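Consider the two complexes below, in which chain A is the common component and chain B and chain C are the respective partners.
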Partner chain A sequence: MPKQKPVTEPFPIFSVGNRFLLYDVNVVSHVRAKYHVCGTLSGTLPQIPQQNLFLGLPLELMVEEAALLVEKGAAYVVNDVATHKTSLESMSGPDRTAFLARRLASSEAEAVARHERNFQSRKAFAEANNLPEPTPTEPDMETRYHHIKTNSEAPYYSLKNSPDALKPSPDPAAFAIYTHLQEKGYFLSPGLRFGCQFMAYPGDPLRFHSHFLVTGLKWDEDIDILDIVTGGRLGTGVKKAWMFGGKQGTEKEDGESRVFSVEWGGF
Partner chain B sequence: MSTPAVRPPRRRPDYNTIHAKPLPVSITPYPPLIPHNPLSLLQILYTFFFCRQSCLPSPLYTAKFSEMTRCVHVTDERSMMALWNDGFFGKGSLSRSEPTWLSRRRRELGIIGKDEALTAEEITERRRKERKDFKLERARAEKERIQKQLEEERKATGSTETAASTPTPSVQEKEEGEKDVPVSEHVEVAKASVQPPQPKTELVDVENLEHLQLTPEEAFFLAFGLGCLQVLDGTNKPISSTALFTLFRRWSHFPPLPDHMPLQPDDTFILSYVIYHHFRSLGWVVRPGVKFGVDYLLYNRGPVFSHAEFGIVILPSYSHPSWSAVDESRKKAARKPWHWLHCVNRVSAQVKKTIILVYVDVPPPEEVEKGLPVKELLKKYRVREFSLRRFVVSRNRD
Partner chain C sequence: MGATTTTTIHSSTPSPIPPSSAHAALANLVRIVIRNLEHQHRWSNLRVHTSSLSTAPPSSSSSSSTLSSTTLAPSTTSTAPKNSRFSISSTSTTTSAGHPHRQSTTFFPRPVITGLPPTRLYTHPDEDPVKARELEVEEEWVLPVDLREKSSVSRLAAVFDAIPDMEEEVEVDDDESVDVEGEGERDGKGGKRKKTIRRKKVKRIFMAVVAEDSTVVYYLVHDGIVKPRQN
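Up next is the complex of A and B:
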């Protein structure tokens, strides 16, 4: 296993079309270990875009996760598209020529090496089968190509703190219960497929099944009795408890948080 | 291994005759018209003028609105029976659905036999017990089999190894002890239920303490839609359907809307009544679906014949252009989060029902002037249905 490189905080969270992405594998394991933020892997193989299993980088964060990391000062959000564009455009003339020359040199070297490998293998084949030795030829420089190495570490631009417009703005009720459970040491992951806002795991999701299906409500929000029935039935049907809760006071205040869990008895 | 005892065939009541009528009204068809037989026309005319029977029951069924339970109580035996048997209206106040408290109580007191006139609750209870007993029996047999196998293995190796045989008896004892627990429990349970309750010294027949509860929608459908029910007020005078409509609308709020407050066109009662009436008139048996987290359940013929096929979720829709200007908060309240839909859908998939989202187009308040007759008012509402099903890739292959 490659050794994990230390991550300097604050690190950038890249925002693409209202999604919050992490590209760097070091950052991904760092936030998981330190902040209990798991996110969802969302990258597919380039040729199989319909892949839905064994996904890879980038890691997509829930808006609540991004907000939590920003609130704790561990991260800042950058607009990925704009940053990429500006940093490309800001490349000066000499830099650009140097880059192109570097790329050309590396692709030529690659072509020569390839040709050489090819020749050696033909030679070995001829020797083994008592054939006349092949004559060496010149490498074909016209069909050379450049191999771009993919990397699981993001190239860091010199990025500064995010402008306020990019601040993740989660639903206050959902965020309140998210932070409350985070403080209690739970790992939370998105719960849409179970019909709730979050699934709460007592430890790392790789080691535990989730215990709760969580829905956040405003402090004085009415609860439909049908929602309690469906929630309770749903939770019990998948051997979990359905949980709902809220936080008193406004977003910024330190109000009391209360949660309740419901189970379908089926007398 | 012992084979499970063969169950004696259970005689179900003849539901086809008991529930022959789909609604509590009776219809007498006219004699057939045969074109080349002029006498048949005379026969029709005769029936039309002299043998016309009202399709409504006489006297009409009666009920009373209870403010405490917010539902309509039917207390007399005749109405209770008729409303349940013909169209599955209401619910027994002491039963799961059909008012069966009396026969269950009689059985407890030994007035009727153990297997006489079994109610749905009792059948379910027995089935569950049977299943539990079967599982215990299966577990016991499995344990016995393992025991036997161990015994055989021990015999095979025991002749050569004598040292190994010392700890085995304790293990066996322990297993024996464990094994016995479910069996003895099982026997006890069986004994307790088999023992007939001691008949009381004098068999006084019990008084029926149960009544039938109708939801406001059911009661209004019976009173207004069919006209076979009279809802009485405190002084035993029948309430007119217009007054009943207003009463139910006021009581659909919590706390009930006081008289000086204006009624809204999207009252809970009006929305659910529109849906109720809609599906009832299409021939479905509509029953409340709180237990499955939906507003209504649709049965093809009735709950005794088959399971409900569909769950109805009522959603108000403010699509009329004049709503757009009025208020955004009302629309926001009607908008449900995405995870709510997943939740409802999963729950109904678990119980093999299809969800139908029913949108009711609410007319704007200007159109629903005060004093509009109920019939005209209901005409302004439109219903749109969307059926929704959970798609599981691996299970929906056919």
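Up next is the complex of A and C:
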């Protein structure tokens, strides 16, 4: 396994169509270790677009995760499409020719190497079967390919925190309970599977089962008693507790957060 | 308000609470839950509280009153007539025992029941299971609610704030940093491996949800982050 390379902060979070993505595997492990931000791997193999297991890069962040990283000054958001276009357009003439020349050279080298590999294997086959040795041929330069390597490290371009950078804007109630639990050392992941906003793990999700199914509310927001019952019942059914809570004075930082853990009474 | 007023509800007499419909509904709700606890779940010492004493405002945790010394003193019930099923202690009771000048009466936003279940209902998952069997039965708080009602974080927080603070002594491993909800003081006894800390007990309440057909279900609500019993 390759060693993790150090990450310089702030790093870019790429925003594509209202999703927040990380392309660089070093950043992915960095945020997991330092900020308890796990995100969700979302990349499939190109030929299996319906793959839903063992997904890979890019890592998609919840809007709360992106907001937290931005708030802590660890990251900034970059509009991926616009940045890609402008950096393509801003490429100067000589840079462009040099890049194309490099690409041509590498594809030619690749073609020659492939031809040589083919020849060697035919030769080995002939020797093993007492056949006449094949005559060497010239590599076919017409059907050469440019081999694009899949990269787990993102090109950083030369990204700057532009003033018009997009801001992830999570729901205030959800973000309040997200940050509250984050501060207590919990790892949070999306809660859709259990019909809540977040699942809270007491440590890294690879090592622990989650403890809580979390729903954030506004301080004075009404909640049906039936929702508390169903939440409590669901939580107990999956050996977790259902948690709901809110922050007093949602706009201010100094508001007090209150959370309640609900379980079935047991009698 | 300082006088002890203990009202007795007989099953045949009408409710002492003013007969406005909201109050009547609430009294009815309380009565259903009380009956359920007493007859179906064999609880004892059932009492209804519409107010509580707290020695300090909820925000400061410097001092706390214990249940046995103030609101829930057994003497409260001994004054009640013998034939009473349960009593409603409507205002500050047994104030003389505590510190009158420091006590302020916090009214429960709505009636809350206390009672003694036949067996201990909750043990923390980290508790040693052998020791846990020997732990004594704890008095529990019950909040009756109707299924058709709505609640909110603020309203539930107000109920918890009205419950007096308690302290508990727990033994924790010394090398392990345990996430303590309240601030703990080190007692220094117990050597290197174990230490005993006093901390504010995490409040819990059983939410008794009453459905239209008088079915009652009980949900345990903890005030704060408390890990589930089975995980």
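The rule is simple: the second predicted complex is superposed on the first by the 259 of 267 C-alpha atoms of A that agree within 3 Å, B and C clash if a C-alpha of one lies under 4 Å from a C-alpha of the other, contacts with A are read in each partner's own complex, and residues count from 1 in each chain.
The rule is short, and it goes like this: contacts are C-beta pairs under 8 Å (C-beta built on N, C-alpha and C of every residue); 3 or more make two chains touch, one makes a residue touch a chain.
In this text the structure is predicted, and so the values were computed from the model without any measurement.
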Partner chain(s) touched by A:Gly195 [first = chain B, second = chain C, both, neither]: first
First (chain B), second (chain C), both or neither touched by A:Glu263: second
Which superposed partner A:Ile223 touches (first chain B, second chain C, both, neither): second
Partner chain in contact with A:Gly237 - chain B first, chain C second, else both or neither: first
First, second, both or neither for A:Lys72, with chain B first and chain C second: neither
Partner chain(s) touched by A:Thr215 [first = chain B, second = chain C, both, neither]: first
Touched partner set for A:Lys184, first chain B, second chain C, both or neither: second
Superposed model, chain A: greater residue contact from chain B or chain C: C
Touched partner set for A:Gly245, first chain B, second chain C, both or neither: second
Shared chain A surface residues [contacts with chain B and with chain C]: 225-226, 229
Partner chain C, residues of chain A touching it in the complex: 181, 184-185, 202, 209, 211-212, 217-226, 228-229, 232, 235-236, 239-241, 243-246, 248, 258-267
Chain A-touching residues of chain C, taken from the complex the two chains share: 41, 117, 121-122, 145-154, 156-157, 179, 206-207, 209, 217-231
Partner chain A, residues of chain B touching it in the complex: 290-295, 338-347, 350
Residues of chain A defined as touching chain B within the complex: 191-197, 215, 225-227, 229-231, 233-234, 237
